[in-house]
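Take a look at the structures listed below.
Okay, so chain A shows up in both of these, paired with chain B first and chain C after.
Let's turn to the complex of A and B:
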């Protein structure tokens, strides 16, 4: 097989596709994703109306075999809902091993899946690929980071779940003074506020250089809920231009890690 | 016309519940045909013409009922055909799983009814509770009986054992979200392939090592678009394109405890899915092939 696969742009295999499925499912709020295989790992990126950018990142050490050709770019657009359906082809209760092949530009992404508990069954998938759309470059090294928060994912999920659903906007105030974090939502007739001082159990680390007031669409922030549900740790970083970066870490049983990352653009003050 | 039957064994009671439940998911209405030695559940599509019914389920009465009496219309028409809303029957039978006894009668209330008397054990005392359901039925007139005749199926090109239905169902349900129809193919070597093709994806799941009950080859592929796969004799492969939803609906039958399941394929025309239970029930679904 070795001589056969070396001409492929990208090949990878893993023993259990379940975590990958859950990870992709958590950023699947759009039909299509940009699939990018780099030497260090695999990254899939989804954008919501140029306001939210979500990526799933799987470091190469999660794969039992991972190979990207050095002389080419492995970058294409793929239907992420089809990809997740294919990863889940044997149903939610069945974990399966996974192999991925991508021969060259324009060729489909091939998946071969085999359930762990059953022999005599296998699935081949050919998923069409398209030329990737350009994605926003939101990371800007020149803009200073103002605040960084490390929280327990489950507690933060509880907090987001408690927020009034009918509200459109959420305001996050960060400050070096007490109460370090306060989250405010504005409804039709009410205003509710949750304060999280840095001494709180859910806060693992807090740093903030200057007070900052940020406004986002609550719906955008809610997009991270699925990722929160499978992650253990969440890092919120805010830059002076209001851009919010949320990084989530998922720890697997085998000590390996996978990540999701959300960039959320702020609402402008009216 | 008279009908009265009594059921006391928990095994058949459970099985009947599952069968009726499965039927209620397949169709709103079904026809219950009662004859001397068998009862039948039949689901047919409206205006189906000469096509086979959607479902044909045959239950031999002696395995299910401890008492069974019936009198048809007259000497020449010994059977009774009743049209019934399958969901109401299914709802009434929910309690049957834990019942001690079931009596079924054909009664005349304001309209003809199938009366079910279910005797339930009480968890706190020795006394039992009596639950009674009257389910309205329509007596099917004799001139329409012909629509519910036993389906005449041509000799299948292949009859192959199905993999565990639960497993099959998981896969079909995933495929169903991506495509409205599925190509099912079976080879004389015991391989069953489920395949979908859409603009965005081509997915095929293969099950190997299944028993082939019978094979009437070779299959003529001269007019088809079947892609010949490497090193495989396509004259030994038989396939049919069918509606994914209908296939998935049959797989609800997974809840009926079964001994074996078979898939009969008539190349490009018809797929018959058949399930046999411990109590000798024969449950068959007919899915017509789709031809583009």
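Let's turn to the complex of A and C:
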């Protein structure tokens, strides 16, 4: 077996492609993604106008088989909507097992899908790959983290969903004082304010050293909604430069975990 | 004014706001010493709604919270803002523990503060657009025709009508009530499905008809008020007189909440449905080159009818200054403006002319079946546009 696969840069197989499909769907707000296979796991990254960077990360233990050649970088650009379409090729009601092959630089990504309820049916997909664009390196170790917030994903989704759609900026105030989290939106003529104290049930952990006021485009924050819907826990981290990192954890039935991660750049104060 | 609405009543209030939102674009709030009144009027001023929330609707009610000697605090806010504060009424009682409403006469904001589960506090600062109140004068007690019905009976009856229908006609006699989506005039061929539902008096909780009549009113508002009654599980009382006089729908539970929905009525087969749908239809017919003369003659007659009716209707919603309201006739619905009296009398505003008729007569020759474009040898003033 090793002889057969070692010629490939990357091979992986999975019993159920459903969760992977949902995970990729949740970051599919751009046409193309950067596909990166590392020894620890698989990561797909999309960027929205250099303002939002979203990644889906699937740790290697989610795969029944997972091989990446050590001596090469497995990094390429792929059309993520085509990829999700292929994963869902048997329809939403049919779960299928999945195999992925990537032979070498420039070759297409091969997908072999087999529906679970039908035998002798198999789909081969070849998706063309491109040379990866450079992606923003947003994580800066020198900038200190000022606040970290762990929330229940469903409750946070309820809050975000209730915000007025017509306004475009959202202001998040974090403070060690009560109310610890305050989310303000400005509508056409009205102002709405949501206060969440750290004692609230939806807040699982809260740490904030100094009061901070952050402004983002509401549209950017709304991009996490699909990921929130499939996740159980959400972590918000804010650095002193205003960069917001949102990490979401998806727990599968087999206790394995998949993650999505969003970096959102702040709006500059005028 | 400051008041607290307990959790279960927040849902009722949310349903109220959503029902009012289907009537008008502005919400008028007036606080009196023992109740709060919410009112709205639709854009064409043919439908008005008033909901009275009594003192015991609230767990705490302080009319004189900010200052003592105010008669009635009034404000007008945009309905969109109100809806924003009351999203998803169905789930509201699960999330919201109580609601605090604050209205300071010296502030420009009306404050809705929702205390939710998990210790979350949502505060909406809603801009006050105006400090006027709006009030309609109508009668509901001294009318010959009264019907009380469970909302389910009427909802089920309306279930038989199409979404595209925008008016219904109620034909009442002491033997039966007929709800239908068409009138007696045969000219209206635009309606493809004609529906008619007959309900016998014993189906209603009470049924008193003093004068046989038929009234036509808009379905959109009727559906909205039935939805409101359904949400609160309360019966609907209908008080009305004759064609042209407003019909008043009353939904109340006797203690905490009382809602009046007033709909202008007209003769069957005229109004928006006729004008909107028939226009397209007549255009189509013109393309088919059928002889239009006969039909347009009928239309002229109907249009006159229509404009007369509009004049009658405009009587229903007259804006009159505050000091005149006392001697006003009871059945008229007036807009009472306290701060600024408007002296204009709407009685003489004619219905806007319908351009459709003129076009038909200006280009009449072109649409006759005997017309041959080759016989015109004049200068081409406007060439045919590209087929693209």
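Keep in mind that, in the parts below, the second predicted complex is superposed on the first by the 268 of 270 C-alpha atoms of A that agree within 3 Å, B and C clash if a C-alpha of one lies under 4 Å from a C-alpha of the other, contacts with A are read in each partner's own complex, and residues count from 1 in each chain.
The rule is simple: contacts are C-beta pairs under 8 Å (C-beta built on N, C-alpha and C of every residue); 3 or more make two chains touch, one makes a residue touch a chain.
Just so it is clear, the structure is predicted and the values come from calculations on it, not from any experiment.
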Inset, instruction - Could you look at A:211 and tell me whether it touches chain B, chain C, both or neither (first, second, both, neither)? - result: neither
Inset, instruction - Applying the touch criterion given at the start, work out whether A:143 contacts chain B, chain C, both or neither, answering first, second, both or neither. - result: neither
Inset, instruction - Using the touch definition from the top, say if A:88 reaches chain B (first), chain C (second), both or neither. - result: first
Inset, instruction - For A:191, select first, second, both or neither according to whether it touches chain B, chain C, the two together, or no partner. - result: second
Inset, instruction - For A:199, decide between first (touching chain B), second (touching chain C), both and neither. - result: second
Inset, instruction - Report for A:104: first if it touches chain B alone, second if chain C alone, otherwise both or neither. - result: neither
Legend entry - Which superposed partner A:159 touches (first chain B, second chain C, both, neither): second
Inset, instruction - For chain A, give the residues common to its interface with chain B and its interface with chain C. - result: none
Legend entry - Footprint of chain A on chain B - complex, ascending: 163, 167, 169-171, 173-175, 177-178, 199-209
Legend entry - chain B-touching residues of chain A, taken from the complex the two chains share: 79, 82, 85-86, 88-94, 108, 118, 120-128
Legend entry - Touching residues (chain side chain C, partner chain A) in the complex: 78, 80-81, 84-85, 87-88, 95, 117-127
Inset, instruction - Spell out the residues on chain A that touch chain C in their complex, using ranges where they run on. - result: 155, 158-159, 162, 164, 179, 187-197, 199-202
